[in-house]
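One chain, chain A, appears in both complexes that follow, with chain B as partner in the first and chain C in the second.
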Partner chain A sequence: MRPRRLRVFAARYGQPLLTLAAMGAVWHLATAVFAVPAWLLPSPRAVGEALYGFRQLLPQHLWVTLVETVAGFLLSILVGVPLAILIVWSPVLQRSIYPIILAAQSIPKVALAPLFLVWIGYGMSSKILVVVSVAFFPIVVDTVTGLTAVEPDLLDMVRVLRASTLQTFVKIRLPASLPYFFSGTKVAVTLAVIGSVIGEFVGADRGLGYLIQVSGSQLRTDLVFGVLAILSLMGMVLFVVVEWLQRLLCPWSVGH
Partner chain B sequence: MRLRRTCILVAILTVMAGVYPARAAEKIPVRFSLDWIVGGRHAGWFTALEKGFYDEAGLKVTISRGYGSEDGTRRLMSGESDINFNDIPSVVLVRSKQGAKIKAVAVIYAKHPSVIFTLKKAGIKSPKDLEGKTLVDSPGSTQVVLFPAFAKAAGIDPKKVNWLLVPPDAKNQMLLSEKAQGMGIYVMQRPLLEKATAAAGGIDQISYADHLSLYGNGILVAEDFLNKSPEAVKRFVKASIKGFLYAFDHPDEAVGYVLKNQPILDREVAKAEGLIVRDIAWSPEAKKNGLGYMDEARMRTTRDLMFQLYDLKTPVTLEDLYTNKFLMEP
Partner chain C sequence: MIHLQHVDLIYSSTDGTDVHALEGIDLQVAENEFLVIVGPSGCGKSTLLKLIVGLLRPTRGAVMYRGRAVEDTIQEVGMVYQSPVLLPWRSVLNNVLLPIEILRRDAKVYAEEAAKLLEMAGLAAFAHKTPRELSGGMQQRVALCRALITDPPLLLMDEPFAALDALTRDEMGQELLRLWEEHRKTVVFVTHSIPEAVLLGDRVVVMSPRPGRIVRDIPIDLPRPRTTPKQLGPAYTEYVEGIREIIYSFKRERDAAPAA
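== the complex of A and B ==
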């Protein structure tokens, strides 16, 4: 790498990478010095070896969880955004729907997941539904906030210019809400990963959550840790993708 | 001349086209679900599958994992599964409580597999030593449910034993980290635990089967499917028994078939699990009448025990509960 690119890379990623490396070293030392049993805390090397040993198995399960997560996430947007618009558009709907959404959010999803599975089946669709149930709330709340948090001066100005309600909505409120919407989606996408794993824990025969379950039951804690690392990586990648979309669609909102 | 040859060729091809799909259509599809995640104990099923015993019997069998006996019942009643491998005592329960028409057509775990494993260093040698101790298991598990009956038969006070209930995947860790002195689970778990506790001195085992004579898991079918496709049930039972017999005699080969389906297993542990199934499947009645045979007296004991434990009201006849006919008919 050219010296300048190296410097930029180091500046941006140097600190977190060094911290991770240091943590990894401490972890390895701890397992060695304290002779921790492998089923309790595997060494980083054992985790790496487990991942490498099962590398042919991982892609198919990763794909299943990824599809569940992304499909559920997209569905949450499809459900959440119109819901948010409805809430902002009609105060009547806001008073009637919003409390219900709040109540639904308070139900622990680990309790809902088994019900979904019995109602819908043990295939991917029940997991997607669990994802929607965890991911749609931040999208709705943040989009509602965005649609309502428009500068009053701007609203006054377009009213003077005799803008219709629809024009105000489409040309002023919607663009203004984009940064808030993306804020919500960034939270939602990380929750979506958790949602698909919860769904898989309750009942699945494929996916990373299922792998964790099988590995755990076989006391392969090294593989459990490895799959957890992959899950966290997947969450990070999805987060970055959403942020990239934000940079693309509403560049004015992304600052450093 | 050319025309005649072409006609004969076309005729032959047509006949073949007619016969061949008919042959392939003869394979009856059977959706079979297990009791839990695929493990070494399921060697018999996968041997029957991979060695073509089901194929030879004209069955196209798909094996899927299970999620416990409640789910198994649900699958059978909803038709999601045609045949299920699950515990026979729970058939008594659902027949009486829910009117669920399920029948046992073979038993595999003829000696009941529920045991309490303890770390050797805890020094628990007999059921009496369990008093005052904490045992770990998952909510609703067979060991927890059967414990009052086991305690009575073994002459101990069940109230003196504490149960710590955790999700099924956390049980092993609870025992290994000594947060509980004993763990309730099926005996097939022994090889995995022996391996994990080798450094800590190994494990001791207290078997429910030493004091209770009830049956464990067997092949379960909904009566609807049984009446609709008795031939399929018979062929499935026979091919499965054949699979188990082969797996018992060829454990190295059989474990390979399991690993093909569940690569995360440890080969030696899985193989040992399969051999434990061999031990508990060969009951005296099985040795006399063939693997899978269900003895009437033991079935009666199983039924009566469940009625006692759950205080069931609606009677269940033995004819409702099980039949050996698919095992015995040629």
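== the complex of A and C ==
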């Protein structure tokens, strides 16, 4: 890293990183000074050691959860975007299906997980379905908003030129909806991680969520904390990837 | 060129009540005339433009364009709005070419024309920038270039300079006049600004608040080419004051009316 880039990095991330380090120090001191038992609150060092001790098994669990999360997330886009387009395209669907989708958002998706388990079994697919059930809504709702949020004057202008519905869609509505699609996607990717963990909580024999549950039941609190850290890291990386894609695909929507 | 005969427009609003947007509009606009419409907010000025261009049908009466009833939209028209409504993902040049694409004409043929228009608008150096990189006044110039790319005989402008600061606004008005002197077109221009109306128009039509009616049709007999109010002298000021008086008289009437 060149000095200039280092300075930029320090200016952007220096303070939160320092705050994080300070919190870690307080945590460490608290566990040492008050002699908190490790099953209640392990020291950061103990968490690190637990993760290190588990290094052989961690990657396969991480992989499982990552695949469930990403597959469910991609499936949500694959289903959500065409559905959003159909809803905007057809007034009938807009009146018949869209209100149901909006209402269905209020279903607590955690409660669906046991159902999926019953319906399609113990494997990865039931977790992927839980992910879809949480990640799908923000994508549909935000894409619909984006597709309809075009300025009326602009639509009037192309209507005067007798633009076809397809032209209006391809040249105006679709690109105009991209920033909305991405803001929905960023919410969805965060929810997707939660979805896969919930799915594993309800019934699984691998994955990070499964690992948390098993470690918790054995009072391996150090491992619970460790896996939690890995999960948040995974969520952050996925978020950054989506944001990078947004910069790549619609740079005009990113702050300048 | 445009002829509106006894036009009424009534909207049915969502709560079931009828809104009389326009009432008994009789209006003729001649070829190459610069017509300005002024009136208070909500007097149906924008509705009137939508009627002319065929986006709305009159409830009663007829709208004629070059001797024929307007049935579909009239394609040969340039539209400019208060907001430039440019596409932020397209370059300035490709924004100007949007109407060409929609009309499925050859964009390559028109690229040269677009470059010429941008040059005239002083934007040649910005052809490959995105709209975000331009100031509000420059964006509005791009919108004007986009409206002119098909070289339409008719230009409809709905408060095109209302969102600009006063200095840019004056400058844009003068540029529009210069452009219009070079390439005569029929212009229907809607504005809130009385000085702008008098400076630009061959005729100023004053509308009343809802239901929108034409209460006065004033020919502006000032020499052209016009540049600044100063050049036009006291006659200009008289027109401005006269129109202001008409508009204030509505206000007084409304304020005098007992509250419902």
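Throughout what follows, the second predicted complex is superposed on the first by the 253 of 256 C-alpha atoms of A that agree within 3 Å, B and C clash if a C-alpha of one lies under 4 Å from a C-alpha of the other, contacts with A are read in each partner's own complex, and residues count from 1 in each chain.
We adopt the following convention: a residue touches a chain if its C-beta (ideal position, glycine included) is under 8 Å from a C-beta of that chain, and two chains touch if they have at least 3 such contacts.
Just so you know, these numbers come straight off a predicted model, no measurement behind them.
Shared-chain residue A:252: touches chain C; no touch with chain B.
Applying the stated contact rule after C-alpha superposition, one finds that A:9 touches neither chain B nor chain C.
Of the two partner chains placed around the shared chain by superposition, chain B is the only one that A:220 touches, whereas chain C remains out of contact. Legend: residue contacts after superposition of the two complexes on their common chain; A:162 is shown touching chain C, with no touch to chain B.
Shared-chain residue A:63: touches no atom of chain B or chain C.
Residue contacts after overlaying the shared chain place A:153 against chain C, while chain B stays out of touching range. Look at A:52: by the touch rule set out above, it reaches neither chain B nor chain C.
Residue overlap on chain A between its contacts with chain B in one complex and with chain C in the other: absent.
Against chain A, in their complex, chain B makes its touches with residues 37, 64-65, 67, 71, 74, 80, 168-170, 172-173, 176-177, 192, 196, 199, 262-266, 269.
On the chain C side of its complex with chain A, the touching residues are 50, 53-55, 72-75, 77, 79, 81-83, 85, 87-89, 98-99, 101-103, 130, 132, 158.
Across the complex, chain A meets chain C through its residues 151, 153-154, 156-163, 167, 171-172, 175-176, 178, 250, 252-253, 256. Chain A contributes residues 37, 39-40, 54, 57, 118, 121-122, 203, 205, 211, 213-220, 223 to its touches with chain B in the complex.
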